[in-house]
Structure formats: structure tokens, C-alpha cells
Amino acid sequence: MDRLPRIPLADIIDRFVDWITMTFGGFFDGIANGLAAFVNGIVTGLGFIPSILLTIIFAALAWWISTRGIALFTLIGFLLIDYLGYWDPMLQTLALVLTSVIISIVVGVPIGIWASQKETVRRIVTPILDLMQTMPAFVYLLPAIFFFNIGVVPGVVASVIFAMPPTIRMTVLGIKQVPADLIEATEAFGSTTAQRLFKVQLPLATKTILAGINQSIMLALSMVVIAAMVGAPGLGSEVYSAVTQLKTGVGVEAGIAIVIVAITLDRITQNIKVKKKSRGNA
Amino acid sequence: MSVDEKPIKIKVEKVSKIFGKQTKKAVQMLANGKTKKEILKATGSTVGVNQADFEVYDGEIFVIMGLSGSGKSTLVRMLNRLIEPTAGNIYIDGDMITNMSKDQLREVRRKKISMVFQKFALFPHRTILENTEYGLELQGVDKQERQQKALESLKLVGLEGFEHQYPDQLSGGMQQRVGLARALTNDPDILLMDEAFSALDPLIRKDMQDELLDLHDNVGKTIIFITHDLDEALRIGDRIVLMKDGNIVQIGTPEEILMNPSNEYVEKFVEDVDLSKVLTAGHIMKRAETVRIDKGPRVALTLMKNLGISSIYAVDKQKKLLGVIYASDAKKAAESDLSLQDILNTEFTTVPENTYLTEIFDVVSDANIPIAVVDEKQRMKGIVVRGALIGALAGNNEYINAEGTNEQTQDPSAQEVK
Amino acid sequence: MSVDEKPIKIKVEKVSKIFGKQTKKAVQMLANGKTKKEILKATGSTVGVNQADFEVYDGEIFVIMGLSGSGKSTLVRMLNRLIEPTAGNIYIDGDMITNMSKDQLREVRRKKISMVFQKFALFPHRTILENTEYGLELQGVDKQERQQKALESLKLVGLEGFEHQYPDQLSGGMQQRVGLARALTNDPDILLMDEAFSALDPLIRKDMQDELLDLHDNVGKTIIFITHDLDEALRIGDRIVLMKDGNIVQIGTPEEILMNPSNEYVEKFVEDVDLSKVLTAGHIMKRAETVRIDKGPRVALTLMKNLGISSIYAVDKQKKLLGVIYASDAKKAAESDLSLQDILNTEFTTVPENTYLTEIFDVVSDANIPIAVVDEKQRMKGIVVRGALIGALAGNNEYINAEGTNEQTQDPSAQEVK
Amino acid sequence: MDRLPRIPLADIIDRFVDWITMTFGGFFDGIANGLAAFVNGIVTGLGFIPSILLTIIFAALAWWISTRGIALFTLIGFLLIDYLGYWDPMLQTLALVLTSVIISIVVGVPIGIWASQKETVRRIVTPILDLMQTMPAFVYLLPAIFFFNIGVVPGVVASVIFAMPPTIRMTVLGIKQVPADLIEATEAFGSTTAQRLFKVQLPLATKTILAGINQSIMLALSMVVIAAMVGAPGLGSEVYSAVTQLKTGVGVEAGIAIVIVAITLDRITQNIKVKKKSRGNA
């Protein structure tokens, strides 16, 4: 194969990245500051509340949203994290994950809705999503560093790129799965597109969209250690430094903390009691 | 009321629907009388509805009837432009809806025309009340007023007290009443009903038809009812349109349709029995309940009691027909400990499987027990009951077995076992 | 053949099965006659089978009958120790199987006893042939020989030519024949059949029963047949065991069971109609087919033809009964363009809904058309047909509507509509 | 929480790891050499065949196992990888992934069978699997390095730990899903446990087990870049070095190569035509 003139794909990409950094420099900095402020806002906000109180709040939240079992798990889990001394890094990881997930929802759901309404949009978006999910997450670090240099912001950006696809995919799926005869009924009674979307399509799609968000949370969590490579603080960087300094003990401890956060978030989002089906009286 | 007094509610002028590309060219070909096949070959598009022309009078129940694929649901969906007509005009109360803007059309759908669907199309995530008020909700009517109106329609269809239930908690019949109530809440002039009762089980369907007639007497809406069931059309239609392959074949009152069927197709359609197939005993025989001769009188009695019959044929192990056991004899035998053999009655008439119905007509009518149908080795194949004979002759294919032998046709018949 | 000549195939001595903990203590309590409730309270374990004692003769069809939960499938599964008995002994051909080792037991299952299951239990990933030869395959019989044997059994059950198909390609009846063939290929002495025909539809079940009887005549296996259907037990059982709540209530031939039911329970069981409930016209009336008086004679004729009836009641819009239309009159009216009103026949008998069957018996028997059942406002509720009256009196609950009114009970009745 | 005497969980783990390295040193070295030989054997073996020929072989294999579409994708994909100059690293990655997956099957399926037969085993194994899958993969690098120091072997070991759970889980699921009445039938006809397993349970479970293997392949592939951190060669290390040297172009190119390998392997294993249901005549 070497006979063929090799198109310098690598250089083209590099020059393209440099060009973007030049032209949109200011724009990216703006985003960077906004994002950093948002994440740190969460961290300091949560930081004010003493760990015990915060643990109880989390457990109560878990109880209200889902089941008693999960509330108990949350309580013990977070107590353990605090006990092992990983409370602050945990808060930073939580802030990083929540921010990435919130962005995935705010950006992802509308794209999903748009794709569900326009067939051509859907046909373009789906292969991109496939690519985004199979491409190793590391690769996303590169553009993140160039546009947002080191710190929590590139971590968030890389996490968002990696974690957003399921939210988009499930939003499209949820809306598409609404039976055709219901859509016809909305037409026959004279609904506008907005009325059809908000009164029928979205309510029926909620369950599937929530499943998508659950997947996004798990993906964001799986990125925390990789994000640490670009300076994102939290449990991820604890693991990363433990690996680089070959301190197995610390690595396992921080790993367990991540596992606790992961299982808690996963169980809560999976058991969100969807209010829709409350049985009316006879 | 003679025809011309009643005002015209809906006017349909030369409306056609072509599915596929090159619809313009196809409409042209339709106009100069090309057949559907030619159009399909030339343009690759199929003709859904071919130049439909009719008027619907105000307050009438107008039934559009045809087999599946006849274009009836396409035609009804063009009336509220759920499906855009390819050619022709549609007028409602004189206003032409075919060139209305999106917004004007939405107003017509909200105020003038409501629709009831075959599979109910109720919103599973909304209670019965929220379903019923949906139409008014879209029009921005405030909550208090629209819920009050919705309750009224629910009362009208007999669903008071169910408003807070969810659709999946109700039976098919009740769900369709909600569909009806939802359509009535907008207080439209016209009700489009697309095979509204076809998904219900036969018994409920007849009740719903009666209810629709009562409702129509009270509220006096113009109803366009789509169905593939001749009985349903005859029972509720003031006038009936017959459709076949996208064409309107005949329009008239139920009597007119039956009186002079406009062409051979209509005749066959209402005739619905292909008299050319001559029926034999095998076609109408039912499964024979028999008792083995080696059983006792009490077993015979219990079998007869369970089947609600007063006589039963006795057979040996090879299912060879031996005679008849009457309930009265069996009772006596049970008391005086006789065996079935002692009370076997050997006068009975049998007919071979392929005798024509006409031949066995008199045998069946004067025999007081069902006639036994036997094969060449005198083995029991089935029995012929008087009701089945009359029903079959009257063309009711409920009584006719498909391939002329009773049900075990698809399993290799028992005879094969050595 | 008197009883004592035939050799005993299976002997069951005081066999019990207790589910739960403390089974030892429970067996003790059973021995000294404690009731099931006392045992449950004391040990928290339930008594599945309570000291069963019986013998099965060689070559006999021995039916074990009982409602669901009577312990019949537990009992049959103890015969091949699929379920381990808690107490008592079981002998097959005199060898005690209750204390056999795992390997000895496996030999008995491979050679002596085969089983046929209610839901067929065919291996979906194996062809019919591979399913049938499974038993021999386990015993290491070489491919050529076992396939030849399997083909033989498939021929025996009439499934020649289907050997390369997969189970999900066959109907229920044919799948059960494969189950039968698979059990026969091992050439066992004993066939355990656990409700083998209950999953089949009624028509096929009767054929399979006949086939089993033929098969039994040819191959002469000892068959233990489990069922909950009295008719099935009467038709195929040489002897029947009746079980209730884990106890054997009676053992005897079908005649003996019917002749002197051993206790009140057995009597009720075979009686199966609770005569205490006195039937009224409402209980047995069927849905009334009616024609509205404003329709024409041809519509009436078509409705009658489709329903295979020769007369139909005419009602007004409020479903008030006006009279009877006979098919012959309607034919004349159609020819000479008369309306239904002209040919309305006003002699007809009506009965209110709550008249007792005994009272309307003579009215029904001498009227030549079905009797109309009406409510206080003379509105049609249903019709009483002679067949239904006889069937109901004979205790066949097929003809009896659940709550004494015909089917629309669960929908709020139409009357509510204003 | 600081008042409580902090149990030095980290130190305990470290001392435990050291103890294992001491006592089982020899044993681990044995495995290391065996594994290294196996992986390098694949690489040199495949290396002999010229890339064009190997691409055709892969495409033919894809066609035979699954569908024409996938064979075409394999052909073009591997040609592109060769064209971009990543052929050798691809071979190494393929060897790493195949080795890890083979180990997952050879070790995982028997554990799955064992767990499906013994309820207690299943109750112990399932929570461990959950933990293994939620723990960040990085943590597995630590024990891998200690026991097998640097190179492809720790990469394989870490990949196996991360990739094996789905194979075990799906083996248990597949066997458990065999309907109870079929199991009763095997008993009634006198099958030994082995006969029941190989004649009925495993054949019916194949489809589910294959789905488990497919998931393991995807997880192994997602580990290639992390494995590179402990010296495993291949596309993973291309991406890793690109990230550390901030060369976005190379990073994206290597990333695309990984995506191609991932999609090819995924589609092939998903479409393996299970021979079971070949329709007989008559």
C-alpha cells in the first residue's frame, strides 16, 4: 500500500484544529469561564453543607425519588466515602458528572426532538452518534485541551462528547415509538406541532428518555479517570495519580468511591417513579 | 322527507387520490378513462380513490362500505384532509376545504369535524376525562368549562363515574364510548367513524350500533360511517355507498341497494354465497359424540347430560356404528343393571359422506334424531343436524366446513393409525 | 377378567409428600390422623399427598382424576421420583424404587417408565426425529438403530414424513403425538401421562383420546393418565382414582364411580350442577336479533338469511316490541313492494325476564318460534330457544348466563342513554 | 468523620499486594511468559501474511460467518487502516483483544456453567461481576503491573478482568432461561447432569452466550488505550502517545482505525448465523 501517495490526513486535521483555535479562541474562553464557574459553583455550594447533613439529604432524595433500599445504600455508601477521606474529591467528581449530564440533556434532548421530527436530520445524526460512541474517549481529550487547555473544563467537554449520544438516541427512539394512530388522532383534533409534541409525544417518551439519561450518567462516570489526564480534579485524578505512582491501595480506595457514586446514581435514575400512571379512583 | 328538501352538508366533486410519483400524469390518465393497471404500468403509482362524486345530506347517517383495500378509509381521511386529495374538490357547508390554509383547516378540524378510530386511539397517559376534553384543550378553552362539557358527553355515552380511570382499565366497548365522547365534546357538525365497531366482539358491536342510532336521534349529527360488514351497513345506514378498488359502485338506501343491485359485482357482493359449489353431507356434518358399547349405561347418561342431547350413537372399538342409545332406555338400564348392549336400538338411518344435501333433505326433516354419516366400513364420520342443513341451504357459511369434511382435516386423519 | 387374575404392575403403599420444613414431624402428625390445617399450623408445611394406597394392574389404563391442587401431578411424579416421596414405598414389578440409588433410578427411568407432558416439553433446537430418539440416545444406542426405532414410533402415531421438521412448525395435536412417540421409543412398560391432552383444543382432544385407546389396544402398555376432565376419565379409564386435597377419595371403574358415589363430595363432583340455584328466563335468554320497523322487507330478509332463521321480531326506535316478521311474508312483500308494517304479525307470546323455567316450559315447547323476553316497558331483552331450555334443565351450564342476564352485563346497559 | 480512627484500608491493600507478589512471583512469571508468547505468536503469524491477502481473508471470513454487507465493510476498513499506515499496530491490537477474549471465554464460560448449576455459587459471583464492571478499568492496571510488570501481558490481564463479566453473566442467563419443563423432560428420560448440559442446556443457551462474548469484545477494545499506559503496543499506544504529545491528527487517525476494528468485530459476532434452525424438508 505504501506506493500510493499517502494523504497526510493527520496534518490536515492538525491544521484544521489550529485554525479553529485561532478564529474561535475568544468564544471558547467564554465557554471555559462559564463552565468552570458553574462546576466550581456546585463544588463550593455543596462544600458548605457538612458531609453528614449532605449524606442525609442525598439519602432522603433517593428515598423520595425511588425506593427505600437505594436510600439506605446511598446513606452507607456516602458515609464510607467520607470515612475513607474522599469527600471533597467526591464532590468534585459529582459536580463534573452532573455538569456533563446537564449539558447532555440541555443539548441532547432538543437535538433528539429535532431528529425525531425531520427524517433527514435523523439520517445524518445516527451515524455520527455511532462513531462518537465507538471512538476511544481519549481522542476527545485532544480537541478539549486545545480549545479549553488544562483543568475541569476540558474534562467536562470530553465527558459531554462521550456521554451525550445515548440521551439523543433514546429521545429519538422514545418519540418514534409513539403509535401512529395516536399521532393521527392528534392531527384529526387539530393539534399544532408543539401541542402534539408536549401533550402527547414527550409525555409518552419520558420513560425511554430517562433510560438514555441513565446511560449518559454511567458513561460520564466512566470518563472521570480519563478526564483527570487533562487536569479535571476529583476521584478520577486520585485514581490516575495512584496509577502513575503505583499506589495500588489508594487506587482501589478511590475506585471503590467511584463505584459507590456510580451504583447510587444508576439505581436512582432507573427507579424514578414516573408519576404518569397514578391510578385514579374507580 | 323527499331528497331535495334536506340541505347538503358535504359535497365531493371528482375527488381522486393517487399514491406514488407522477401523480399529475396519473390524474390525466384517469380523466381519459385509463384503467388502474395501465396507470400502474405507465406511472408506477396506484390509484387509491378514483374520481369520487357524492353529496351527504345534513343529519344523515351516510355509510361507506367496501372490502379492505377498496379505498374507503382513504376517502374518509380526505374529508378532513388527513390525506391530501390529488385532484377534485370537497365542500363542507359550501366552503371549499381542498384549498384551505393549514390554519383554516385546523379550525375546521377543531370545530366542524371530529373522528372516531377503529382501534380507539385513546392517549394511554391521560385519564378518561383528560382524553375527552383533549379537543377543547387544544382550542384553549379554560379547564373548568371544558371539563364540564367533557363530563356531559361522558354521561351521554353512559360512562359517568369512570372519568378518573385510565384507558387500559376499560373493556373494548367502553374504550370506544370514550372515543365517541371525545369526538362529541367539540360539538362538531360531522362525525367521521372509521370502522369504529370492527375491533369489538360481535355481541358488543350490535349494542354499540343500537346506541349510535339512539345518539343520532338525540344529537342529530351528520355521521359518515365506514365499515366492511354488510349487516352493520343495513342496520344503521340511511344511505349506503358501495366501493370496490377505489371506485364508487353504487349509492342508495339499503332497500335500493338490495332491490336492484346496479351490476353483477354488487349482486355477488350481497349474495355472499357461491351457489356454484354444490354441498354434500360431508360439508355440513358435525363432530359425532359417541359412546363405546363396552361402557355402562350411567356413563352414557352422563355423556348425554353433559352434551344436552337425548340420544347418542354407540360404536365398537374400531368406531364401527352399532346403534342408538336413548336417554330414557339408559335410565331404565341403570336402574335394572342392564348393559348398553341390551338397550341398543338398531333402527337408525345412515348416509354416506358425499350424498348431496338436496337428496338427504327429506331424510333429515322427518327423522327425530341427527342422521349418522358413515364411510364405506360403516365407521362413524359425523352427524347432520336439521339446523345446519337449513342454515347451509340458506347460504350461511357458518354451517359449511371448509374442505367438505369436519374439522380434523389439517391433522393426518386417525384412520392412518394401524 | 376378574380383578385378581391380572399381575400387579405398580404398588403404592402409604405414600405421602409434605412440602416445607419439619417434614418428619408432619408425617408423624399425619400418621395419627391430624388434619392438614393442624399440620400447617404446627409445622408450617403443607401436605401435598396424604398416605396414598393403591395398586395398578399390568396393561391397565389407570386414570388419576382431581381438580387442580388435588395432588394428582405430585402423586404421578413420585412414581418416577421426579418428586421424592416423604414417606411410604413404591414398588414397580415388585422392586422397591423408593430406596434405589441415583444410578438404579436412572436405569428405571430409561427402561421402565416414560412420561408425556401437558405442554409437550419438546426440545425446540432438535428436529422431530432427534426429539423422538432422545431417550435411546441417552442410553448410548448407536445412531442407526435408534433412528430406525424412532421412525417406527413416529409411524405408530401417524407422523411419518414429518421427522425433519422442527416442533414449532407443527400444530398442538401433532406436537403431542411427538411427545407420545418419544415416550414409546424407549419401549417402556409404564407410560405416565400428565394431563397430556388438556392443552389441546376440545375437538382434537377427543381424537387423541380415541387414538390413545387404539394405541393401547395395539401396544398394551400400562398407562397412568392424569386429568381434571370427568368426560376424559369416563371415556378412556379402565379404573379411576378420585383425588381431593391430597387424599384419595374413591377408586373404581367408571360405572362404580357413577353408581354409588362413595361420599357426598364425589356425588357433588359428578353432579356438577348446583341445582339449588333456580333458573329464570333471564338466565337462558339469548341475544335477540331484531329489525327496525322503518326498514324494508329486503333488509329483513337478508338479516334472516345471514342468521339462518325463518322469523325475526320487529321493534321501533326505542326497541319496543311490535310484532313478528315471517320470511315467507317478507318475500311476498318484497315482490309487491309492501312495507314491513303491512306484513307485521301481532300474535306472539312474551314472558317477563324473571319467570321461572318451570313456568315457561309448556309455553316454549308448543310455540313454533323463539319466545320473546321483554321488560316492563315491552322492550325486547332477549329470546328463549327450545334447545337452551332443555340444555339448562339438563344441568349443562354452557346454556346458563352468569348473572342471570345476557352478555352486556359488564358494560353499563344501554338503557342509561337518555 | 475524622474523629474516628481511620482504618488504613489503602495500606492493608498495598501490603496484601506485596505479599502476593512475593509468594506467587514464579507463578505469575510463568503465566507472563506464556501469555507474551501467545500474543506475539499471533502477531508474528499474522505478520507473515501480506496485508492485502490478510484483508481478503478477513473479508471472506466475515462473509462466511455473517452477511455480505459486513464483508464489504471489513474489506474497505482494513484497506484504509493499511493505507493510513497503521497495519502493524492494528495486528498487535487484534492480538491483544483476541487473546483477552479467548481467555474470557475459556475461563468465563465454565464459571458461568458452574454458577448456573449451583445457586450459592451464583449468589457469590453476581455481586463480584457488578463490582468488576463498575470499577474504573484503570484500577486493574495496578495489580497487573505489580504481578506482570510492563508490556503486553499486564495489558491483557487488565483487559480480561474488565472484559470477562458479560461472558460469565450471559452464560448463567442463557442456561437459566431454558424452560423448566424441558429440564423436567431430561430428568424423566434419565439424563446425567453432563447429558442435560451438553444436549439441551448449552445448545439452547448459545445465542445468549454469543451476545455475552460480543459485549466482552467491545469492552476489551475500549481498554486498548488504557492498556497502552502499561506498555501494551498497538493502536492503543498510538492514541496514548498522540494524546501525551498533543498531536490531534495522529490521535484521530489511530482512533478511526480502532473504530473500524470495533465495528467489524461487533457486526461479525452479532450476525453469526446460528446453525440450529436450518429448516428440514417436508
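Think of it as A, B, C and D in the order they're written, each chain with its own count starting at 1.
Definition applied: contacts are C-beta pairs under 8 Å (C-beta built on N, C-alpha and C of every residue); 3 or more make two chains touch, one makes a residue touch a chain.
Labels paired with UniProt names: A, D = Glycine betaine transport system permease protein OpuAB; B, C = Glycine betaine transport ATP-binding protein OpuAA.
What you see is a predicted model, and the numbers here were worked out from it, not measured in a lab.
Computed from the mean C-alpha positions, the centre of chain A lies at a distance of 58 Å from the centre of chain C. Centroids of chain A and chain B (each the mean of its C-alpha atoms) stand 54 Å apart. Taken as a graph of touching chains, this assembly forms a single closed ring in which every chain touches exactly two others. Contact between chains, using the touch rule, shows up for A-B, A-D, B-C, C-D. Within the complex formed with chain C, the residues of chain D that make contact are 179, 181-182, 184-185, 187-192, 195, 199-200, 203-204, 276-277, 279-282.
Residue ranges of chain A in contact with chain D, taken from their complex: 1-2, 4, 6, 9-14, 17, 51-52, 79, 82-85, 87, 130-131, 134-136, 138-139, 141-143, 145-146, 222, 224-225, 229, 236, 239-240, 242-243, 246-256, 258-259, 262-263.
Those residues of chain C that touch chain B in the shared complex are 156-159, 171, 173-174, 203-204, 206-207, 210-211, 213-215, 217-218, 230-231, 234-235, 253-255, 258-259, 270, 287, 292, 295-296, 298-299, 301-303, 305-308, 310, 317, 319, 387, 390-391, 394-396, 398-399, 407-408, 410-412, 414, 416-418. Residues 80, 82, 106-110, 113-115, 117, 119, 121, 123-125, 127, 134-135, 137-139, 161-166, 182, 186, 192 of chain C are the ones touching chain D in the complex.
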